[in-house]
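Below are two complexes that have chain A in common, paired first with chain B and then with chain C.
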Partner chain A sequence: MSDPNAHVLEMRDVAVHFGGRGGLFGASGQVVKAVNGVDLTIGRGETVALVGESGCGKSTLSNTIVGLQAPVSGSIRVGGEEVVGADRRKLNDIRRHVQMIFQDPALSLDPRSTIGATVGEPLKVRGVAKGAALKQRVGELLTQVGLRAEHADRYPHQFSGGQRQRVVIARALALEPGLVICDEPVSALDVSVRAQILNLLVALQKRTGVSYLFVSHDLSVVRHICDRVVVMYLGRFVEIADRATFFDNPKHPYTRALMSAVPQADPVVQRGKERYVLSGELPSPANIPSGCAFHTRCPLATEICSQVRPELTPRDDGARVACHHA
Partner chain B sequence: MSVEPRPLLSVEKLTIEIGGAAVVDDVSFDVAPGRVMALVGESGCGKSLTSYAILGLLPAAAKQTGGRIRLDELELSALSEREFRKARGKDISIIFQEPSASLDPLTTVGSQIAAAYRTHNDVSQAEAYDKARQMLADVGIPDPDRRLHQYPFELSGGMCQRIMISIALICSPRVLVADEPTTALDVTIQAQILDLMKKLVSERGTAIVLITHDMGVVADIADDVAVMYAGRVAEIAGVHSLFAKPQHPYTALLLASVPTLDDLPKADLATIEGRVPTPDEFGAGCRFAGRCPLVTDKCRIEQPPLFDCGDGHRSACWHIDRMHEIVEVAA
Partner chain C sequence: MSPSIRASGWSVEEMPVNGRIQAFRRRTARLPVSVMIFSTILALIVILAILAPYIAPFDPNKQALLARLKPPGFAYRGDTFWLGTDDLGRDLLTRTLYGAGVSLGVAVLSVVVSSLVGVSLGMLAGWFRGWTETIIMRIVDIVMSIPAILLAVLTVAVLGPGFLKLVLVLGLTRWPRYTRVAYAQTLQVANLPFIKASELSGAGAARILFHHILPNIAGPILVVATAEFGLMILMESGLSFLGLGIQPPSASWGSIMSIGRQYIERAWWIVLVPGACLFLLVFSVNVLGDWLRDQLDPRSRSR
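Right, the complex of A and B next:
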């Protein structure tokens, strides 16, 4: 990367909106504010979790970071280089520093390519290696993720789900990116395999110093793997804190509801814990409630919540929370 | 499985074969009214096939070759398809994982619920709609009058799952099979649906067979748990006993591989090496032998029966006396 001291990711006031200009049938569609004024910094070797329900904007945000979606405003720097407004060539150059792993490995692999071809493709496209050197590098990458070099000649259907996710991880690491965005990387896997992949992600980070943006709804996995946690609700961050602070002292009522909703794999803990069940469902991002977007479901809501949007404000323990009452 | 009323649903020595391989092998369990029996296991363990057999919905390639399934005095496995159709929906019902795939996109939800009711009850359309409206209110759908006339695409995933539950329960079946009912839902919605299922169990005395891979869901709602591995029951116990003192190496490792709030962050999680054997790899012995840290020659040769460990806790392992070694491996 150009500046070795820069953060792997620096986002300032990023907003991503959809629609609003006619739409498919010429109607004046509503603007969907999927991401709305978001700041996020990720340091080297850091794992940041992005937590929230479907429709909260976390996938839009991930897509925006890798340049698959253009923001309407704000700045995104990857390794110090500005993504927003970069031309094609520049964008291509930046993209090698940020890679993505998706939920379902079966959908991320070409069934008609050998996994050697799949893992080697980024190296070939970028002209990093070819011929024998390429073959050797692919072998190293496969070994690094716990497969064997001779697996390179096999096809995705010859592997189990966990092994396929290892292939996807090997491909993501081929160009030695500074940041890997992991979008629910273990949700589609069986429980015993999940642990293997989590262990692998941790081990790879220790070895290579890669940073992760870990998109997940599973808070026990998040607590296991992340250094910092960001909670997103309807396009905005509502709480950001270090892992320990976050789990020992969650503040935003939405965070507390999420924590209460994740069932613990222990019947004594699970049945004894304080229940904090939210009523209703996530409002449509096309029609975000006024003031604090969470006030329609919040047990603490008062009049001010429907009128004034709370900003993220720092608390004594370092957490930042957007709530009038927390 | 301490003192409990007479079982309502009884699965005895169920065996299902696909292409000559016993993909469900000698599976037995009972469910009493108002109880939740969880069938837990990874993909391919046979939990879904078991549930389809209860409903008489086995795919054509799968044949029940042994055992029987009884609902009270009614022997389900002896029913003809015609007779089964009378029982399905009325006595025994199912909800699936993906509500949007199970609802008819071209029909209003009200008409789908009413149709389920009229299949088993000779009533007018108006009466069936009244019943449907009441059912929607019971499953916690606000403004049921308006919802009745909406189509599935107009509803969220959580709402659709409530509609599925309404259809499944409108005839007050005594047994509900729930196949991963919350896997496709967000956690806050999952919590609402699990609470709803608990309410139905306690208010209506419905017996639930819950198919899941999520140990958290099991810990939340199950009374009893059968852990399945490669088509067999590895361990069966009351939920508290199972989590507190697992007696099968597979269960113990499975529980240790789930991150908990007490783990050291980024510490290695326990894993189960290798993979589940495919049906053509099933040997004569214990099907977990190839991955088990306690394995001995006996395990590879001879299949362990379910041993009684007291209090209805049973485990199919030759080495229950060495379970403390697993705890050390996992820690």
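Right, the complex of A and C next:
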């Protein structure tokens, strides 16, 4: 923490809210608290998974880190530089260090641009390379992700989903960023190519030292690739732990519910497994329950849970958990 | 489309013909037959319009009052009027040829003016949102709520008639349709992840609008433009009919038709000749527009 260069990302007490302001005709909506005071630090070469169900604020948080969404409070430092409050030019500089890989490769490539133009765009608009040098660099990037330099003249529709995701990865790595946010990078792909893409991400990390913030709700993928896991529920982190600790000894009741939802390949194990089924729906982020946000669905909930919000507290094995009872 | 292309391309290779013709056939074999036919018609109309002064058999304003409203093929004092005469005994073929240039010119230029204005405003509104959007789209609503012909009449009344003024009037009254389409399409495309990716790449608004949004919304805009093309010729005829467009004795297809309308029971050819030409022109433009829209989309281009 003392050396800012040791971390590619440092978030302090970040909150992102939507709505609430009165519109033109005085219609003031409810405030949706999508992200509510989160702290997260990602070191160089580290892969951190961010898991949680739909609507818990994962995507909002990733958009906030890259500066596409402004937080209402808190501090986000990418590569040691503050994103919050940065002007357009500054923000543009910072974005060199953080790039994004999107869920659906069919939508994240411009259908009217050749993939060479797409991969080369960050280099071109930032004046890093042009002409023959640009062409060569694009060729290198394509080779790096397992495509061929000749593919540069083709259009996205001429590639399969897995190949398109490789193109997206090449574009994200063009500027040699310190952090790449992977927003469900394999959930839109066929199971047969998921492993290829995950292995590619791991190989590229070894070669370039890039860090990943891996947004996912697929725990089997998370187990395969991540060093550390962060569980998010209704805009707050409820558990942060190293991979081994997390999978061997999940503590927060929400985490345990997520785990028990993952089917086991072995039917004997699957039948004998402790079932941990949650009741009810995810509450609306516009109307977050008092105290511990999870108490409405938690099997362990008691009186205190609806009154006092538990803070993230360290446990013996290094995990940090926000729960009164676990 | 592609199997027939390949088939005809293959048969061309088999034919022992002159090399240059072969090369030409190979290139044109990719085009669908309808496109070949209608591009030929369009080219023919353009060429005839340009060559009108040299190939027209008569002076467009020469009157022969004794040969008024005569049917096609009528011969009078050694002159043959192949497509008949109008109410002042002027040769209809000559006037249709001269009118082609005026009608084409008005239509092309006004489509260019209105699409440039309309598409840029629509893209700005869809990209920047906020106040830009509110102001532009409210102006669009206002302009669209005023009947276009009324607005054109007002503008001509202020500026006075004339070819370029007509273009300006049509261009400046017809842009809202492009704005609506460009705006809606921009809103849709701007939310796709590849635009977000471009922003992250460091691309500015100008680059995103021209390199990523415009190519992706060009198809629907082209469809609007081809539909507007025909409408422009009709608007021109309407304004000319009211005496606000092309001034007599100059001919345009619209003005010929509006004169012919009065005599349609006695002399149907006056309306039919420019009308048929107009139909062919608009139809060709529409067919080519549809084809061009498909060509703009790399997904439909075979490689």
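As a working rule, the second predicted complex is superposed on the first by the 315 of 326 C-alpha atoms of A that agree within 3 Å, B and C clash if a C-alpha of one lies under 4 Å from a C-alpha of the other, contacts with A are read in each partner's own complex, and residues count from 1 in each chain.
Keep in mind that, in the parts below, contacts are C-beta pairs under 8 Å (C-beta built on N, C-alpha and C of every residue); 3 or more make two chains touch, one makes a residue touch a chain.
In this text, all values refer to a predicted model and were calculated from it rather than measured experimentally.
When both complexes are superposed on chain A, chain B and chain C sit side by side without a clash. In the superposition on chain A, contact of A:199 is made with chain B only, not with chain C.
Once the two complexes are overlaid on the shared chain, A:31 sits clear of chain B and of chain C alike. Among chain B and chain C, the chain that touches a larger number of residues in chain A is B.
Legend: residue contacts after superposition of the two complexes on their common chain; A:15 is shown touching neither chain B nor chain C.
Look at A:188: by the touch rule set out above, it reaches neither chain B nor chain C.
In the superposition on chain A, A:72 makes contact with neither chain B nor chain C.
In the superposition on chain A, contact of A:220 is made with chain B only, not with chain C. Superposition on chain A leaves chain B and chain C with their closest Cα atoms 13 Å from each other.
When both complexes are aligned on chain A by C-alpha atoms, no chain A residue touches chain B in the first and chain C in the second.
Listed in rising order, the residues of chain A touching chain C in the complex are 66, 68, 92, 95-96, 98-100, 102-104, 107-113, 118, 121-122, 125-126, 155, 157-158, 168, 171, 174-175. Those residues of chain C that touch chain A in the complex are listed here as 192-194, 196-204, 207, 211-212, 215-216, 296-299, 303. On the chain A side of its complex with chain B, the touching residues are 53-54, 160-162, 190-196, 198-199, 202, 217, 220-221, 223-226, 243, 247, 257-258, 260-271, 277-278, 281-282. Listing the residues of chain B that touch chain A in their complex gives 42-43, 156-159, 186-192, 194-195, 213-220, 222, 239-240, 243-244, 253-255, 257-261, 263, 265-266, 268-272, 275.
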